[in-house]
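When the chains are written out, they are named A, B and C in that same order, and each has its own residue count from 1.
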Amino acid sequence: MALKHKDLLGLEYLDRDEIETILDTAVPMKEIFTRDIKKLPTLRGKTMVNLFYEPSTRTRTSFELAGKWMSADVTNIATSTSSVAKGESLKDTARTIEALGANFIVIRHQMAGAPHLVARTVRASVVNAGDGRHEHPTQALLDLFTIRERLGRIEGLKVAIVGDILHSRVARSNIWGLTKLGAHVTVCGPRTLIPPDVSRMGVEVTTSLDEALAGSDVVNVLRMQLERQKKGLFPSIREYSDLYGLTREKVKKCKPDVLILHPGPANLGVEITEEVAESPSAAVHQQVTNGVACRMAVLYLLSGGGKPGEVAA
Amino acid sequence: MTLVDKAQIMDGDGMRRAIVRIAHEILEKNRGTENLALVGIRTRGFPLAERLAAAIGQIEQRSLAVGILDITLYRDDLTTIDVQPQVRKTEIPFDVTRKDIVLVDDVIFTGRTARAALDAIMDLGRPSRIHLAVLVDRGHREVPIRPDYVGKNVPTSRREIICVRLKEVDGRDEVVIQEPQDS
Amino acid sequence: MRLLLKGGRVVDPRNGLDETRDVLIEGGKVLAVDATIDAEGVRTLGVEGKVVVPGLIDMHVHLREPGREDEETIESGTRAAARGGFVAVACMPNTNPPLDTGAAVRFVVSRARETGHVRVLPVGAITKGLAGAELAEAGELRRAGAVAVSDDGHPVMNSGIMRHAMEYACMFDLPIISHAEDAELSAGGAMNEGYWSTRLGLPGIPAAAEEAMVARDILLAGLTGARLHIAHVSTAGSVELVRRAKEKGVAVTCEATPHHFSLTDEAVAGYDTNTKVNPPLRCASDVEAVRRGLADGVIDAIASDHAPHTVEEKEVEYELAAFGMIGLETSLALAVTGLVRPGLLTLDQLVERMSCGPARILGLDWPGIVPGAEANITVIDPDASFLVDPAEFASLSRNTPFAGRRLFGKVAATIVAGKLAYEAPGVWPTR
């Protein structure tokens, strides 16, 4: 049981059983939200370092709470305040953090594969909190958890992922997780933001939102990075919003019990209207809560068994 | 290495009698069931807690609240054991504050599980009192914890293993001593 | 020094020879090639079971001197070349300062004379500072010893400049070596654009970035009549464009690297930065097209694009890592293992792609293994295998993705102008 690797670098590297173990473990973790005393002794004496090369409030806070509620000592390093600005290499930074006694390094980096480099360098468990456009495994885990919680299953569901697929690590992690658990995935966005050969990852591809929404049980709306427009990837926010923004009218074309997800923070009025994001169909806030539970589960499962740096049994 | 049953130390009847006796002792000590609630420690503490509740209920003609406690996240050996245990839900459908709680487990050995259970229950609220009931006390305590109700004291060697089998989990009721044997 | 190579299989396509022959070398030249030669007072190397071929030429390497002597020097790079079986290497001009003046080229020539283990053939710059804006003095570069011109590492993006460079190079009969890459299409890319870039989340470089420039340069070569050589072709489309241009009679040649016929972009999974090269490792159908192109001769040469980099430049985030891998010491073995043993190339064709072809493109006097010719000879044991161990490399750098691979085709000896530039330790008893 537990996980086969010392790190969580992506859902790409997990098998179905491992993903389900994490989701199952997150169920009792979520119980802590109902308590007055949000504290478990599980990771007492362990140190967790959040190494963030990209600004992030949500993910960092979520990891921080997950660690703290399990009694780990948590430190945050953001690029602006660290020696990274002085040109220290990632490898060097990783070694320094390990020398400070870190058991977990949670890393967010703007480049794909950066967590892999850290994982190869240190014996601590490395958790990928988003690497470039590659993966954001804990986001996908919380999405899977939310889907399971709301709809009772994942196998056989139709899930549409809408938006900037090309640059989205959330999309890639979701594709891995959903397909491994037996969902049918359709990705949808403007042609300029669909990566080449993405269908080989086991998904349907469409540029038509109507087509993507039809019959979908879940719609996962991605955040649109507004600066992409300047790179000539789409002509204007207005046209993007017109073609791919999720409005009440478009939701009406979905199944009545459709579940709408958004990784946040949303550009309200661009990829999703506030009305839809706050509607009962959407689970935006539930996702945030579930994020902490899923991250607690990941930390627990990476912490156990054997010596650090070895594959957990 | 395999485990081999060495001797049966309690059969189904013995178990039933032990539970009824503990039920009486609990009632005697608590002078009633007003504030009483039972919490079974996963896995086998829970069916035992339910049986105790039923026994008490039969004597007192009222039903008792029973909860399940998963102590995995409170264990002190998580970093050293080889196989990491699956965390499961704690399900306590009542507020523990100001209750007289009887923690129920199948076997007490080092006392570390009971220690973890005490911490776990106290993170949920502030009970008036906590008692500990076990089916078997096999000795070898490592912490200063003593059960309040014991079905049977069984002197053992450290090498031996006490295996409690319950109908609800294992299909039959018995307690056996096992010994590891090199296969 | 007199040397006698005894009992080897001499494979020399230039002279139509594939027979067991003894080769006697004296005074830097081949003295005799005969069925049996017995000579007194010579060092005799028993090369029975080995293949004796005209010395191999790697027409695309980066020696890094001057400027980056921490990565490679002319001394270490040519020692690596000798270990890899090469008697000559053409070195690219993207040094610091670049080889865009006669003085810079003369520096390389003189350093090579002082410290080199094999012949060094400098390639001059097309434009000053490799900036793609003003022509470098090709006449002066030629006089200083340049055998070709190239802005390798950078494309000449301005089509007008490239046209004039070609016209001008014609006057000195200098081939233009094109690094074909549309920098707008490849901008920011770290690997081949396709399924694997999608899966790994790395920015991609589309095949079209290379093919668009191959097509442009072929059209300009047709327009100007220049001798065009396309460096490191890596896509099926590029091979096809060269094939059609050759059919039409355009003076175009091209080369392919061992990594482009040995690895696909799947090798990038795991983010080993030693797989980061420019042009990038392509997909399976491209690799197949390159292999076919090498087999049918559309691709004239195998060249390593030996690009040494330090650990500090490579042990970083994939997108930040420098492009390039070293290849001098694995090139021949990758060709033997990947092309000759599977039957894609005969030994004859291998020698054509790794010796005669490059010599022809660079305009070298390359008569092969005949009496009177300068004795540039490589002795190969094509059936011997070895484990690639970068720790054994003569190169100062270690950036290869082939570490730990078992490859066939060992170099037994490299003879440069009659001298043993390299002999494998313990391969033969000496008399």
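Remarks
In this section, a residue touches a chain if its C-beta (ideal position, glycine included) is under 8 Å from a C-beta of that chain, and two chains touch if they have at least 3 such contacts.
The structure presented is a predicted model; accordingly, all values stated were derived computationally and were not measured.
Set against the Cα centre of subunit A, the chain with the most distant centre is C. Of all chains shown, the one whose average CA position lies nearest the global CA mean is A.
Note on chain placement: the centre of subunit B and the centre of subunit C lie 75 Å apart, centres being C-alpha means.
Chain centres here are Cα averages; for subunit A and subunit B they lie 40 Å apart. If you average the CA atoms of subunit A and of subunit C, the two centres end up 45 Å from each other. In the complex of the two chains, the subunit A residues touching subunit B come out as 1-2, 21, 24-25, 27-29, 31, 35-37, 39-42, 70, 297, 300-301, 303-306, 312-313. The part of subunit C that touches subunit A in the complex is made up of residues 193-195, 197-204, 270-271, 312, 315-320. Considering their complex, residues 12, 89-91, 109, 111-114, 116-117, 131-135, 169, 172, 195-198, 200-201 of subunit A touch subunit C. Listed in rising order, the residues of subunit B touching subunit A in the complex are 70, 73-74, 78-79, 81-84, 86-90, 119, 123-125.
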